[in-house]
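Letters A, B, C and D name the chains as they come in the text, with residue numbers starting at 1 for each one.
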Amino acid sequence: MISAVTPELILHITAIGLIAIGLAGVVLSSHLFRMVLALVIAEAGANLMLVLAGYRWDAVAPILTSRAEPAAMVDPVPQALVLTAIVIGVGIQALAVSILIRIRQRYATLDRKEAAERMDAEIAATLGAPRDISQEAPLGERPLPPLPADQINMRGDSP
Amino acid sequence: MMLTLLDELLLFSGATLLVALFIGRGLAAGWMVTILYGGQLLALLKMAVLGYEGGTIASSLTLEVMGQALSWRFDALSWFFALITIGSALLSSWFSCGAWERSYIRQGGNIWLFHTAMALNVFTMLILLASGDLLSLFIGWELVSWAGFLLMALAGGVAARAAMRYITYAMAGGMAIFGGLALIYTASGSLQLEAVTTAVEQMSGAKLWLLVILFGGGFGVKMGLMPFHLWQAPAYAETPGPGSAFLGAISSRMGLFAILLVLVKLFGIVKIESLKVPFTLIDARDLLAWIAVFTIILPTFTAMKQNDARHLLAWHGIGQGGYMLLGVVVADAMGGAGGLLHVFNHATYQAALFMAVTAVIYRTGTSDLNKLGGLVVRMPLSFVVLLIGIIGLAGLPPMNGFVSKWLVYRSLLNQGMPLLFLAAVIGTLGTILSVYKLIHNIFLGQLRVEHEHVSEAPWSMMIPMLILSAIIFITGLMPGIPLEWIASVLQTVGLPVPDYTLGGVESSSGSLDMIWVIGVLFAGFGVGALVFYSAGRSKRVHQLDNYAGGHFLSADVRYQYSDNFYAGLMHLIGGWYRGSFLWLERGITSLVEFLSLGMQGLYRRANAEFYLLTTALFVIAWVVI
Amino acid sequence: MGSLTGLLFAGGLGFMLLAVASGLDFGAPPMLIGTEIQAHAPQQTGAANIVTSVVLGYRAIDTLGELSILFASAVSAGLVLGRRHTTAGTQTKGGFILQSGGSLLFPLMMTIGFYIIFHGHLTPGGGFQGGVILAAAFFLPLLARPGARLHHKSLSLIEGFAGASFILIGLFAMLEGKAFLQPMLIQDTLGQLVSAGTLPLLYLAVGLKVGAELASLLSRLIQTEAPQ
Amino acid sequence: MSTNLVLIIALPLLGAFLLPVLMRSSMAIALWSGPAILIYGCWIIADLWLSGFAQPLSVAIGGFAPPLGINLYVDSLALLFAFAVQLLGLVFWPFTLDQESARRQSLMLLLVAASTGLALSGDLFNLYVFYELAAVATFGLASASGSGAAYVATLRYLILSGIGSVLTLFGIALIYSQTGTLNLAHLAQLAPEQLHNSLGLTAFLAILIGIGVKAELFPVNTWVPEIYATASTRLSAFLAGLLSKLALLIILRLLLLIFHQPEAAQVILILGILGVISGELAAWRAREMKRMLAFSSIGQLGMIFIAMALPDGKGMLAVLALSLHHLIIKSGLFMLAEDWGGALERLRGSAKASPLGAVLFVLFSLSLVGMPPLPGFWAKFVLITELAAQVEPLYLLGLAVFLLATVVEASYLFRVAATLYGSPAQDTLSEEIPKTKGLSLLTASLFGAGVIAVALLIAPVGDGLQAIAAQALDVDLYITTVSPAVSGGSQ
C-alpha cells in the first residue's frame, strides 16, 4: 500500500522514528542525563503514536459549538489519553531529574559506567559481601563439595 | 471410624515421633523410645498375615487433593521391608540407650535431636512403605529423603557437608521421579498404581526408555547405584554410631523397595526386557544387571582401600546393594528370592558390624584402622559379633549371607549369565579380602599400649549386638523362616516363587539345605578342634613375650602391618578405579559454577536497555516475519 | 561495536514497527467508543468540550490516577531532595527588567491560568493546561529572584486539599446513590460557563493540584542546585 | 455492597493526599489513618466475600456503562489479589516516626491504591495508569533509603521502566488504532477478527516487554538484584511478593482474554525458561542473602511464566498456586533477610542465637523447593503434570529445566540452612552473629504459620483455587458480565 510518501507514512515515520531515536539514545548514551533526555524523546514518539490513533481526515476538534453540526469530529478518546500520558511522563521526568541531582552530589559523576561501578562497590561495602562476580566460591567453599580427600577417603591412601 | 491395623501401626509410629520430640530431653527418653519401637514391632506383627499369606491392609486415611486421591496400604512387600525397618530401629535405638547415649552427650551431641531424627526416619519410611498410589509414593520418598538428611547432618562438620552432598543427589533423584510421575500422569490421567501398567501399555519405546531411566535413576540414587553412589559412604559413615547402623541396615533399601514396586511389579520385568539398547545386543534388563554388577565391584574395592572402619562398612553397604538388585533383575525364582533375602540378611549383619565398630569407637575413641589392633583379648564378645558379621558379609557359610548370595549365583548360572556370575564372584572376592582387613586391623595382631586397659563393651550395647548375631546365625541355619515371607513378597510383585524348605531351597538344578551344610561344617570344626586340642598343646603368653625376625619385641616396635594393607594388590589394580566417578561429580559442579558465574555477569554487567531493545527486536521480528 | 549494534537494533526495531503500523487504516479510525461518546457526551456530562467529558467523565479515574502520579512524583522528589536543603541564596538576582517583568506577568498569568481552567469544559484547555500556567506564574518570580522561596507549607496544603476534593466530589456522588465520580448537577445549558455540573469543579481541583504540584517540584529542583 | 468496592482504590488515594497535611496537625491521626484505611479495605473485601460472592461483577466508574466508561472487573481472582494487596500493605506498613514518615506512608498508600487498581481494573489504558502510579511510588520508596547506591539503582530502574512504558504505550496505541476500544471485555469480543494477526501480536509483545519489567521477565529484570539489595527489605518483599504478581496478572488477563495465539505463548515460554535458568543459576553463587532472594525470585517468576505459557489456559491453576505460594514464601524470607541481610558467611551459627528464625528459614526453603506435603509441592505438582501433557518439545524442555532448577534451588537454599546450623567461625563473638528479632521475626512467623495452615488445609485450599481458576478462565463469563454493547461501528 505504500507506493509513495503519503502523509500518514510521514506521521508514522515521525512517531516511530522518535521512539527509535529515543531507544537508541538510551542504549548508546554514556551519560545518565542524556539517557533521561532520550527517554523523553521516546515518550514523545509514543504519545504521538497515540494521538494519531484518533485522527480522521477532514474532521474538526471534538468540541460542540453553537454553530451547525460539523461533518465529523476526530476521536476524542486518544486526546484524553495522550493528555494523561503526557502528564505521567512529566511526573516521571521530574523525579528522574531530582534523583540525578542527588547522584551528582553523591558520586560527583553522571557517567553511566562509573555510576554503576560506584553503586556496585557501595552495595558490596554495605552488605559486607564480596561482589557476586568475584572468583571465590560462595561461602568460601564449593557448594557441592567433593569432600577433601582425607575426609572422604575415596582414594584410601594413608594420611 | 474403625482403625485398621495399619492405622494403629502408623499412629504408634507417629506417637513415637511425638514422644521423642517432646520428652526426648528427659532422662529415660531413649529407653522410652526403644520400648515404643518394640510396640511398633508388635503392631507390625499383628499384621503378620501379610507376610505369610499376602493380601493388603488399607489405612482408613484417604485424602483428595487437587483432584488426586491419596491412599495408604500395606501388602507383603511393605510388610517385609517394614519388619526390617522397625527391627533395625528397635535394635539401634536399644544400642544407643544408656552408655552410648551418655558418652554422646558428653561429647556435645544433641541426643534429643538424634532420637527425634531416628523416630522421624522410621515414621517416614513406614509412610513410604505404605504408599498406595504414585503420589503418596513420591510424598513418602521425599519425606524419607529429608528425614535422612536430618539424621545425617545432625553431627555437624564433616557429616553436615556429606549430608549436603547427599541432599543434592537426593533432590536430583527426586526430581527425576517427579518427572517420571508427570509422564505417567499424562499417559494415563491418573496416579493410581494401576495407572502405571496402563501407561506402560500405551507408551512408545522412546518414552518407555525415558521412564525407565527416570525411575531407575531416581530410585537408584537412594540405592547408591553406580554412578550415583558417591554420596552414600561418607553420609552413612559420619552419622552417629547407632544412626549408621540403622541407615546402613535399611535406608538405601527404600530405593530397592521402590524399584520392586514400580519397575518390577508395575512395569514388569518382561516389559523392561523388551527395551533394547540401540546398536547393541543388550536390553534394559541387561543394562540394569550390569549396573548392579559394577555397583558390586567398584564400591567393594573402594571399601578395601578405606582406613576408617565406618567408611569401609559404608562402602560395602553400597556394594551389597548391587547383589540385591542383581538378584531381583535376574527375576527367576532363585534370583528374586536371593535378592530379597539379601535385603534381610544385609540389614542384620550390617547393623551388627556398625554396632561392633561403634562399640570399639566407644571404648577406644577411634575407628582408624591404622590405630587399632589386638583388641580380641580385651573385647572378645565384640570380636565374635564382628566375626559373625563379616562372615555374613563375605557370604560364607554358616551365616545368612551365604544363603542369599548362593541363591543369586545359582540363578545367574541357571539363567546362563556366566559373565555376570564371574563379575559377582570377583565382587565377593573383594569383600572377603577387605573384611579380613577390618577384623585383622581391629582385633588381631598387636594390642596397642594405649588400649591396654580397654574393657568389653557395656551390656546395653552388647545385648542388641548379640541378638543380631543370633539372628544372623539362625537365619543362616534356617533360611526358611525369612523365605516364607519372601515367598509372599515374590507373589505380590509377580515374580516366581521357589520351593523352599526350612533349611533352604529345592530345585531341579541344585538344592541347598543349610541345616545339612552347617551340620557338616560343624562336624568339620569338631574334627579340627579335636586335632588341635589333642595334637598340640598351646600356651598363652604375653604379646611381648615373643620374637619376630630374630628379635625380641618391645612395646614401641610395631609388628602389625596395617598400613598400606594389600599393597601389592593395590599396586596391581589401583590405577583403574582411582577416582571412581568423582570426575563426573566434579565436572557437573564446575559446569554449574561456570554457568552461574556467567549468569551473574549477565545481571551485573547489564546494559538493561540493550537487553530490552534486543528482546523487543527479536520477538517482534519472530512473530512478524 | 556495541554502539553500532545498538544503533542497528534500534533502527531495525523502528522499521519493524513501521511495517506493522503501516497496516493500520490511517485517517479512518474505527472509533467504536469515540462515536458513542460523541453522541452521548452532551447529555451525560453537559460539557461542550468532548475531550473534557472524556477526561473528567468517562475516564475520570484515569485522571485521578494521573493526579496521583504527579503527587507521587512530587512526594518522591521531596523524599529524594528534601533531606538537606542547599540554600541557593548565594546566586545573583536577575536584573531589573527580569524582576519587574516577573512581577508584572504574575497576575496576568494567574488570570490566564484560571481562565483556561474555568473554560475547560467549553474550549480547548482545562485543568492541566491551566495548572501548568499557574505553576509557571509562580515559577517566574523564582527565576527572577533565586533567593526567594515558595511557601511550601501552603503549597502542600493546596496539593493535599485539591487532590482530596477531587475524590470527595466523587464520593459525594456515591452518597447521592450514584456511582463514584459520576457527574452531577447537569443543567441543560450546554455551551455556557455555568454548565456541565461538577465537571468545572473537578477541573478546578485538577488545575490547583497540577499547579501546586509543578510549582513545588520546580522550586525544589531550583533550591537543590548541585554544588560544584 | 459491590459499589463500595471502588472505595478500596479511592480511600488510599484520599489518605495519601491528606497524610502530609494531617501529619502537620495531628501525629496520632496521621499515624493510624493509613493502617485504618487498609483494615477497612480488608473488611470491605471480606464482607463482600462472606456475603455470598459467587458471580463476578462489573463496577462501572462514573456510572458510564462499559465500554464507554472504565469499569472494575471483580472476580474471585481479582478479589483475592486485592485482598492480598491490602493485607500485605498492612504487614509491610512503614511504621517509622521521623521527618520522612509522612511521605513514605503516603507513597505506600499510593502503591496500595495502584496495586488494587491493577488487580481490579478492566480497561487497558487504566491499567497502564495504575501501572505507572505503582512504578512512581516504587521509585520514591526505593530511593528513600538515601544511599548513593539506592539513587543509582532507582534511576537505572526508572529508565528501564520508562522505556518499558513507552513500548506499552505504543502497544496500546496500536490496539486502539486497530479496534477503537480499550475495554478488555470489548477487546475480547473483537480480538478474534481484529487482533489475531501480526499487528495484534506486536502490540501484545510490546506490552509484554513493557509490563514484564515489573513482572521480572527475563531479560528486562536486571534491576531486580540492584533494587532488592539497596531498597528497604519491606519494600523488596512487597515488590517481589506482590507487585510482580500483579504485573503478571495483567499479562495473564491479556493472554487469556485477547491474545490467545500460540506465538504469544511461545515467546512467554522461552523467556520464562531463560528466566528460570538465569535466575536459579545466578542465585547459586550469590554471596549475600538479599541478592540470593532476588535471583531466586527471578527464577520463581520464570516458573510462573512457564506455567502461563501453557495453551488454552491450562496453566491457570498452576499460575495461581505458584504465585500465591511464592507470595507467601518470599515475603517470609525477605522478612528474615531484614535481620539476616549481608554476607552469608556472617550467618554461621545463627541457629543457636535465633532458633525460630532458622526453623522458619528451613520451612520456607523446604516449601520453595517443593517438599511434600508443604504447599510448594502441590503448586509444582500442578505445573509439571500440565507441562508433561504437552507434546511440543519446548514444553518438555521447560519441564526438564524446571526440574533441574529445583535441584539447584535446593542446593543453594540448604547450603544456607547448613550455614545457619553450623558452628560459628572461631574468631567471631556471639554478639556479632546477627539475630532475627522483633517485628520482622513476628511477621515471618505469621507467614510460616500461613504455610503450615495451608499445608494442613490443602484439600479445601486446592478446591478453592480450582474454582477461582475456572472462573478466571471463563472468557464468555467475563464478556457477559461486563456486557460491552456498542450500537454503531465505524462510520
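To be clear about the criterion, a contact is a pair of C-beta atoms (placed from the backbone, for glycine too) under 8 Å apart; a residue touches a chain by one contact, two chains touch by 3 or more.
Values in this document were obtained by computation on a predicted structure and should not be read as measured data.
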#### Entry: Steps needed, at fewest, to go from chain A to chain D via touching chains
1
### Query
Whose C-alpha centre lies nearest the centre of all protein C-alpha atoms?
D
### Message
Measuring between Cα centroids, which chain is at the maximum distance from chain D?
### Response
B
### Message
Quick check: more C-beta contact pairs at C-D or at B-C?
### Response
C-D
### Message
What's the distance between the Cα centroids of chain C and chain D, rounded to whole Å?
### Response
30
### Task
Using mean C-alpha positions as chain centres, tell me how far chain B is from chain C in Å, no decimals.
75
### Task
Please report how many Å separate the Cα centroid of chain B from that of chain D, as a whole number.
45
### Task
Calculate how many whole Å lie between the centre of chain A and the centre of chain C, each centre taken as the average of the chain's C-alpha atoms.
23
### Summary
Going by residue number, chain D touches two or more other chains at 125, 129, 132, 136, 139-140, 143, 151, 156, 159, 163, 167, 170, 174, 177, 180, 182, 198, 202, 225, 282, 284-286, 411, 415, 491
### Query
Hey, what residues on chain A touch two or more of the other chains?
19, 23, 26-27, 35, 49, 52-54, 75, 77, 81, 84, 88, 91-92, 95, 99, 102, 132, 137, 143-144
### Message
Which positions in chain B are in touch with at least two other chains?
### Response
161, 164, 168, 592-593, 597, 600, 603-604, 607, 609-610, 613-614, 616, 620, 624
### Query
Graph of touching chains, which shape: line, ring, star, complete, other?
complete
### Task
Under the touch definition given earlier, write down the residues of chain C that touch chain A in their complex.
3, 6-7, 9-11, 13-14, 17-18, 21-22, 24, 26-29, 31, 33-34, 37-38, 41-42, 48-51, 53-55, 58-59, 62-63, 65-66, 69-70, 72-74, 76-77, 80-81, 122-124, 128, 190-191, 210, 214, 217, 220-221, 224, 226-227
#### Entry: chain B contact footprint on chain A (complex, rising order)
23, 26-27, 35, 120, 131-133, 135, 137, 142-147, 151-159
### Query
Across the complex, what residues on chain A touch chain D?
19, 22-23, 26, 32, 35-36, 39, 42-43, 45-47, 49-50, 52-54, 72, 75, 77-78, 81, 84-85, 88, 91-92, 95-96, 99-100, 102-103, 106-107, 115-116, 118-119, 122-123, 126-130, 132, 134, 137-140, 143-144
### Query
Touching chain C in the complex: which residues of chain D?
3, 6-7, 9-10, 13-14, 16-21, 24, 59-64, 67-70, 100, 103-104, 106-107, 110, 113-114, 117, 125-126, 129-130, 132-133, 136-137, 139-141, 143-144, 146, 151, 170, 174, 177-183, 186, 197-199, 202, 486-491
### Query
Can you name the residues of chain A that touch chain C in the complex?
1-2, 8-9, 11-13, 15-17, 19-21, 23-24, 27-28, 49, 52-57, 61-66, 73, 75-77, 79-81, 83-84, 87-88, 90-92, 94-95, 97-99, 101-102, 104-105
